[in-house]
Structures are given as C-alpha cells and as structure tokens.
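Each of the next two complexes has chain A plus one other chain: chain B in the first, chain C in the second.
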Partner chain A sequence: MKRVLILVSFLSLLGVCQPGELQADIVVIIHPDNPVETLSQRQVIDIFMGREVRFPNGATAIPVDQAPNSPVRERYYQQLIGKSIAQINAYWARLLFTGRATPPRVLGSNEAVMDTVLNNRDVIAYIDRADLTDQVKIIYTLQDAP
Partner chain B sequence: MTRNLSVRITITLIASAVLLSLLSSFFFYQRIHDQQMAHSLQLLHQLGKTVQRTASIAAYLDNVEIAQETVSGLAENRIVGLIQLSSYNGLLAEYGNISQQDQRFTVSLELFSPFSPTESVGFLKIQPQYTLLETLAADAARERITIIFSYTFVVALIALASMQWLFIRPLKKIASQLGTITPGHNQSLPTPLWHSNDEIGGVVENINKLLHVVDSTIVQERNLRSDIEHLEQQFRMIFERASVSIFLMNAKGQILMANPAFMDLMGQTDLRRCQHVNCLSKIFVDQDTVLAMIRKTVELGEISERDLELKATRGSQYKRWGHCLFNRIRTERAPQHSDKVYIQGFINDITARKTKEQELLYQAGHDPLTGLLNRRASEQAITAMLEQMKTDTDIVALFIIDLDDFKPVNDTHGHDAGDIVLIETANRIKSFARNHDISSRLGGDEFLFAIKGPLTLQNVEKIADRLCKQLILPITLSPGVTVRVGASIGIALSLTPGDALKTLQSNADKALYHVKSQGKNNFAIIT
Partner chain C sequence: MPNGPQYPRGWCLPCVILLLLLAAPCLAFDANSFRLSTFGTLSLSHVEPDDLLPRYGYDCPENYEGRTTWKTHSLLGLQIDNQLSSTVNATVQLILKERAENSLSHSVEWAFLRWTPTNDLAIRLGRLSPDYYMLADYRDISFAYLWHHLPTEFYGPALVHNFNGLDISYTFRLTNGNLTARLFGGNSKPQLAASDGSAMTLDMKYLYGASLNFENDSWRLFAGFSRVKNNSELDSTAPLLAALDDPNVNSIWPQSASLSHKALFNESHLAFYSLGISYDHNNWLIQGEVGHLHFGWKPLASTYNAYLSIARRFASYTPYIVFAMIEPSGDTQTVTPPPSGYGLEPLYNRTYALFHSYNSDHKTISLGLRKNIHTNLALKVQWDHTWIEDDGSGLYFVETDERPVPSSTVDVFSLSLSWVFGL
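Up next is the complex of A and B:
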C-alpha cells in the first residue's frame, strides 16, 4: 500500500495522475435558503469571472475565493476553466483598471468560506468536498476529469 | 553613321536595356503591387490576432473600456482605416469611417470566450486605410522598378564600356593600321596589347598570315611581270626593229598586225589602211602569183616561198625584189573554223642580192667588152631557137663573122684601138638584130649572128650582103684617125627543126673557110 502511494505521488508530480482516489471533488456551494438548486458550468464560470453578477433567478450573486495560494483554489480554476492561478490573476489584473469588474473576495480558510456562505444567502463559494458540512447547498460539482 | 560599330552596339544595348526595363516594369509592377497589398492585409490580420485575446475579454465582459483601449491601440497603426469591436450585445468600440472603405479587404475575427474556446462572444472587424495601402504598394513597386531600371542601365553601361574597351577600340586600331598598310611592302600588324591570346589576337595573326601570302604573291607577280616585260622588250626588238617585214593576216588577206618594216614596204603609216581584202598583192608586180601562194597556204597549210618582184616605189626606177614566205597558223581553240586560220608572212628585201645575181647572170652570158652574148650563152640560145622552130615555114640562119684586118689595127694602133673596133663592130651587128635575133661575140675578132623566121635564101643573102657592106665602113679610132677592117661571113641554114647546133656550126665554119680562101669581105652560104 505504501509503495502504491509513492508511485501515485510520483505520477501526480508529473501531472498525469488521476487524483480522484486521493483528493475529493470540489463542490460549488450556496446558502441553504437560496432558491437556486443547480447551476451549469458556464453559469458558474460567468459568476466567478465577473461576467454575471446575478443568479439565473435574478438574485445578486457574490462569489468568494479561497486563499490565494491554497491548493483547492488552484484545483478549482484548473478544473473549472483549465487555467492556472497566474492566468486568472493576469485576467483580473487586466480588468482591475477598468473599474467595471472586481475579482471575488478572497477568504483565508475553509472555515471562513463556510462561515461566509452560511451568513449570506447571496454568497457563492467553492470547497473541497472533504471539508464540506451539511449546512450548505451544493449547486455544482466539478468533474474531476474535464 | 550606321557603319560605326560602336554606335550600333550602343544603340542596340540602350534599346535592349530600355525594352528589358519596360518589359520587366510591365510584368513586375502589378506583381509587386499585389504582393505589397497582400503583405499589408496579412499585417492587418496579424494586428487583429495580436489584440484578439484582449478583444475577447472585452467582448466576454461587454467591457467598453477594454474594448476602447484595444481599438485605440489598433488605431495607432496608420494602415488601419476602420475598427469595430462588438459583442453579441452590441458595438463596444469603433474607430474610423466605414463609408470609404473597400469591403473586400476587411479582416474579420470571431472572438471566443477566454474560458470556453467554443463559445463565440463577439467580432473584431478591421478594415485597412485602402488609399494608403494603394500608395504604399505603388511606391514599393515604383521603387523596385526604379532599382531594376538603374540596375539594367548600369549593366548596359558596363557592357558598353567593356565592349568599347575590349573589342571596338582594338578593332578600330587594327582597322586603321590595316588602312595604312600597302600590300607588297612586307608590313604586318602589331598584336594589340592584352589581346595576344584571344580572338582579336587571332584575327591579327590571320591577317598577318594573309598579308604575308599577299606580299609573296605580289613579289612573285612583280618578278614575273618584269620577266614578261623583258621578254616583251626582246620580242619587240625582234619584231619592230627587224629589217624583215613581218605580218599576220587572216584567210581573207586582211593584215591584222605588222611591224614597221612591213609598213615601210607598204608605204603606209597606219595599219588600218592595210586592212582591205588582198591588199598585200598590190605591192607586187605579179599579183596573181601572190594570191595563188596565199590560197595554197590557206588551203593546204603548206609553206610557200618565192622571190617576187616588187612594184617600184614612186620616184625610183630601180627594180626591187622581195623574198616572200607564207605560213599557215591555226589557233588551237577552234581549228575547224576557217576564220581562225591565220597566215604568218615574211617579206625580205632581196633587191641587192637579186641585182647582184642578175649582174652575175649577165656577166656569165655576155661579153664584157661588147655587151653581146658570149659563146656559151649564144649556143644555149641557138639550141633553144632550133627547138622552137616551126616545121614548115621557119628556117634558122647562122652567121659566123670573122673580121678581116683586125690584127694589123691591133698591132698598129694598140689594144685600145682594137677594143674600139670590136665595140663598133658589135654595135653594127646589133643594129641588124631584131628582138628575137641572137648576136654574140664568140671570141677574139669572131662574131655570131642568128636569125629565125619564114626566110628565103634571097632574104638571107640580102642580109649577109648588107652586113658585109656595113662592116667594111670606116671606123673612127680618134678624131681624124679611121680604119677599115671588113669581115668574112660563113652562113649555115637549118631547114628542119631539131638540127644539131654542131652541124650548123661546122657548116658555117666551112663556109667561112671557103670565103677566107677566096678572098675577104664576102660571104658564103651552106644550106
């Protein structure tokens, strides 16, 4: 078993691993009272990348981000839109000076994220399924192998 | 002008250069222009590509600020005429005026979502500043054409210069040097510097070979000519200075060519006056003989020669004689044609020889003192006379005359007186003689007289009687001194032809002897 772990780690270093067995899915969550039941990938992208500021039902959507260097953030953007954190940062940097769009608010930890979601029914966030609690509503689950 | 090689080459080269430049301009201008246009459009496309990512973001977010920033960035490029950046929600930013643009050159890029490559979010449309592109393309084409022109002309000039330097200049030099060369003076062309191993050197070498051949030919020709001149001079000396008349005439007897001696003989100075038919015969006494000789020579090809008497020239009564020789010559070209038969003739003046001959002949047959025939000649003449006698009518009478008292005269008055007597006697006998009669001095004081004709005995007696009477007449030796000699005459008659001379002579001698014995100054006849 130990030998298999080493092998998998090695493969993951090479970037060819299928991390599903070791890492849990990332889920997009909202306040349980929010009437939105589910979102498409595009809808999730549009909200997180600043194009859309509302849920499909017209309610305001406030996206929040994980800690800038957290592995979950990196995995999230990689799986959602196939881009690295550097690319995402460059995207937001470009938009910063227009004043028209602002990047999601950054929260320091999973606990902060969970707190924010539970405290504001407009907030939309993401989290590792492993860190999930039952109080939030899952509206999108990222497929591991896009 | 057109003979000048360098001018022709210059014209040809310049014309070729112009033609080539024009042709290349014609072919290249549009090509370069189109290439330049395509290049510009590609540039436009690349510009679009450069801003595509930013434009996509602008279209994705419908972000006017980014859109305008993008468009104004693009507008910095002066080849861009019109830019439109639009999302599906409408136009985000625009630059330029669409109305004057050519739709054909529009670059239109579809913009996709930065996060979903399949999702189209808008369009970026760029149109060029068409007139500027046109100007740029035309400028580039013109520049290239100018370069081609200049290049062609430079090459043409270099070609011209090298042609002039390497080819025309040495050629001109050779031509002018060749112009100063006189064949036959063993001159040659110098090989032009730097051209000893090329074609020009080869031409000079061949010209020199040719000049050498011409020179040696001229020298040979010159030597030959001088030989011929020398020979001709010698022939002229033979021909023109010859004392013999030499001439050439055709079969009709027209003189074609003659030497001065002949002209003298003809008494003419101009050959043209000697060209009538048979003119040659006019200078001869016996023209028929000459014509016969010529005919014989023409027809039989034999050499005919004869001594002929020439007509006396005016103011001279001497007889002249010429030895004529005619020889037929055929030209080798047309031996069958009679017109091509020529007669070569020589006339040698033999008057002196002939005169001498006749003199000798006279002396051989005549007594020098009296001028009568001598014995031998008279015997021949009488023999001929006897042979020519006509059978029935003619008789020949032979008189032998012997002077009676000649010796006393000789003794008393000397030999000169004797000679005077003999001469006077001869003259008296001669005065009896008619044309065909023969009078002769047989020797000493003995004479002969012979006549032929239809004579009777009485006729003969009458002649003999008169002869006796004549001869007894006194002879004057010197003023106041006269002598009488007288003569005895023995006569023999021949009645039949063919009688022998000797018989006649001996009969006459017998008759003379009879007269002498009977007394002198008389005659006797034996029939």
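Up next is the complex of A and C:
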C-alpha cells in the first residue's frame, strides 16, 4: 500500500496521474414554493435550449444563466448536452438574431442567481452544489463523469 | 486650395466595423425586458485571377480594390428586443454593410411584433425573413454557421432577404424533437446591384411560402418553398426591349418580337424549393441542401443547386470541406442572329448578352478552418476553387469583353473574424 501511495505521489508530481480535482455536482434549482418536484435531463435541456418555455405543470419557466465565462457554465452545458459555450452561443445566435427565441438571461454571480430564484417562483437556474443554500429546491442533479 | 489627407479608398467601412467591434461589449445591454445585442464580421478576400470577381449575391455591389475586398462580407448588426408583455415582444435588427444603395429602409433587416398566445403558436407581423432555405434567415450571422461565407452556388441566387408581411408558426412537441411548421406572406423590395455601381430596387408582390423544420440535439431536417411575382420592369433593359419591338426590326429579324416578350421582367414569377439536412454529433458536423430555383424571366435560366459540407471538431478548431454546385435545369434561350447587312449586329450582341449574362453554371470545392478564439469570437480561413462553365458566370462581375464568357477557374482566399455580443 505504501508503494502504491509513493507511486501515485510520484506520478502526481510529474502530472501523469492527478489525484482528481474534486468538483461538486451542479444542481438545477427553483423557488421552494414552485410545485415542480423533479425534471428529467430532456426537460432541463429543452428549457435551457429554448425549446420549451413551461414546466410540466404548465407554469411559465424562466431559465437564467451563470456569468459568460464562469467555469460552472462551461461544466453545466458540457455535462448537460455535450457542447462547449462557443457552440451554445452559435446556437443562440441563430435563434436570437432570427427573432425565434431569446437566450436565458445572464446573471453575474452565484448570489445574483440565488436572489433571482428566491424572488421569482418561475425562475429555473443552476449552481455548483458547493455554493448552494438550503432555501431553494433541487429538481435535477448533474454529476461529474468519473 | 490644399488637399486634405488622402486615405486609401475602401478602408472606411472596415475601420468603422473594427472600432465598433471593440465597442461591442459596451453596446450589448440586458435589462429585465429590454435586450440589445450585436453581431458582426470583419472579412478580407483575395481573388485569382482578376477578370471574374465573385459577387455572392445579386444585391452585392462591385467593391473590389483590384483583386482584394474588405467590404464584401464585412458587416455590423445590431438588434433590439423588447418584451412588451408576457405574450408580445418587439424586435428590430439593423445591418450596416456595403450596399449598392444605402438607406435606412435597406438597413432595417427585421422589424416585427411577435405574439405568442400559446406555448406552441407564434404570429409575427412586420418586416420578416422568408426561410425558404435552411440558413436563409441568418445568412448575415457568420458566427452562427461554420464557414467563412455561405455556399455561393446555393445562397447567391436567393435574392429575397426579407419581406413586409405576416408569418404564423406552430410547433409540434414530438418525442425526439420539435417540428415547426411555418406559413408566410407579404411583399418584398430586394435590391439588385449592377457592375457599374448603380442599384435598382425591385417591387415584388404576392410573396408566399412555407417551411417545415424538425430539430433536436443532433439533427435538423428542413423543407421550404417560396414563390413571388415581379411587379416592376428593369430600367436597364427598357431601351433594348423597345428596340426589339420596333416593327422595322421585326420585319428583318422575326425572332426579335418574341425575344422582347420573353425578356419582360414584370409579371414574371420566381420560385424557390429546398430540402436540407444537418447532423451535429460526437464532433462531426455534416450538412447539405438541394434546391431548385424556377425563374419565369427567360434571361435567367432556372437552376438546380446543392452543397455538402463535412467538418470535424478538434477542441476549438474545426476544419471543413464543402462541395457546391449550380447548373441550369433546362436549355438557355437560343438567340438566332439576324440577317447580315442591315446593321443589326449591335442589337443582336446586346440581346445575346441579356440572355446569356445572368446564367450560373459552376462547381466549387472549399477547404476551411474555424477557430473559436473565445466563446463569442471566431476566426475563419477558407480557400474556394471554382470551375465555371461557358457563359455560366452570372454570379460574377465579368471584367473581360470576351463573349461568350469562356469557361474558367477562380480561386478565392478569405479570412474573417466574426462575433456576437449580448447572448
């Protein structure tokens, strides 16, 4: 066991084997009074890609995005739909500049995201679980690929 | 009187666009119900040789400095969206680019009200886009597509960019994606640019069309058509048609009256038909369209056109290859020479030129690379090699007096920066 630890430590120093950057899950959240309890990955994708504008119960869904260059935004779309932010922007450029739909409103910080969710029961957002407070309701969890 | 400083001609627009690019992040604005977004392209193209210069569309003016142009694809766009109520929003989009004739009306690309009474139904009223081709309504948003420019063989002849009218779309939520059906109708006033720098605004009535668009995370399937009637005559052909209608000419050259009738632009119809497919999955991007253009105006032969694009993403780099073609779908109008000795050769030459100058018959292979420099900024380089058949250079500015225009090859090297702000 000691030899294994030494080997892992050595490889880590060489950059060959990273012990693993621990990243918290990203969670999709809504206002605690919103009656929606859970969403599928498909439903989350459709809401954030502008293909669906309502929750399954018929209530309006207002998605909001994290800051343009925030790591959580990059991880969110990569894990949710397998696309980079540049690809997501190209997709939204097509919809926005043809007047078909408008992209999610962008908020500049985790605090702004939490405030917006807590002040509007129609808002749906995402946040790193490490930045979560227990005031909001989690309806979907994205887990880092192993 | 001393002259002021002399600036190289043709640099004004690129400089303005570059300055506005630097200012674009400040211009983008997003409040609760109001959104200001910008997009743009700064482009440079070089053509070899210099006697056939691609125009990329009938509205594109001749703006080459020798073999090079900054202006052809460079543009700046600005869009304002205002959510007026929970079901109504207003959109205005302005595009600043080099045109044969600049005016505020031509610069307003879209200006409409959108009413969405239900989740699936949308009704728009105002200046709108006729999406008879898969990319027809975002041809100026370079950041939204892969290539440096849209395949000329397919999008070059599509001269109707917008119309004033109404469209209705309904979206069916299917298990594997969304299917959107759209109907549209109205009037259009597209601009035609001549090689001498002049412009003409066409009056097109009774434009109508429909499209079906299926889309999910990986696939997009599209079918579209549109038909429109010309409601104006071409000023440039009026003297020629009058000469062909002259009874004295008719008595010597019997075909002249018939040719004059076939060259009438007014009341002729144009129709566009297309099928398209796009696949984007596991870093492979494959896209193609086939189309048919029916021109009721005989000097412009109807065509079949198509393209196929294959690309592969490697992180932020995406190399691609495109094959594109356009060819007449029927015989071009035969112009029989008049009897000699009556001095009608100049009239014959002008008539022959009218019936053979606008046809397009060429194929292009393009190689290119897109690099996403930032999440909203892309650098693109592209090389086009085109084989043009005899008298098939209707989408080119012809700088030679040789008629018929002989078959030729053209190479275009292009470089661009494209961006979006406000997403």
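Heads up, the rule we're going with is that the second predicted complex is superposed on the first by the 124 of 146 C-alpha atoms of A that agree within 3 Å, B and C clash if a C-alpha of one lies under 4 Å from a C-alpha of the other, contacts with A are read in each partner's own complex, and residues count from 1 in each chain.
Everything that follows uses one rule, which is that a residue touches a chain if its C-beta (ideal position, glycine included) is under 8 Å from a C-beta of that chain, and two chains touch if they have at least 3 such contacts.
Since this is a predicted model, take the numbers as computed values, not measurements.
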Overlay on chain A: chain C relative to chain B, clash or fit: clash
Partner chain(s) touched by A:Ile81 [first = chain B, second = chain C, both, neither]: both
Which superposed partner A:Ala90 touches (first chain B, second chain C, both, neither): second
Of chain B and chain C, the chain that contacts the larger number of chain A residues: C
Touched partner set for A:Gly50, first chain B, second chain C, both or neither: first
Touched partner set for A:Thr98, first chain B, second chain C, both or neither: both
Which of chain B and chain C A:Asn69 touches, first, second, both or neither: second
Intersection of chain A interface sets (partners chain B, chain C): 45, 51, 81, 91, 94, 97-99
Sites on chain B touched by chain A in the complex: 54, 57, 60-61, 63-66, 114-116, 119
For the chain A and chain B complex, residues of the former touching the latter: 42, 45, 49-51, 81, 83, 91, 94-95, 97-101
Complex interface listing, chain C residues touching chain A: 30, 32, 35, 37, 39, 77, 79, 81, 86, 89, 91, 93, 110, 112, 114, 119, 124, 128-129, 131, 137-138, 141, 143-145, 173, 178, 215, 217, 316, 372, 374-376, 378, 420, 422-423
Residues of chain A that touch chain C when the two form their complex: 45, 51-54, 60, 68-69, 81, 84-86, 89-94, 96-99, 102-103, 105-106
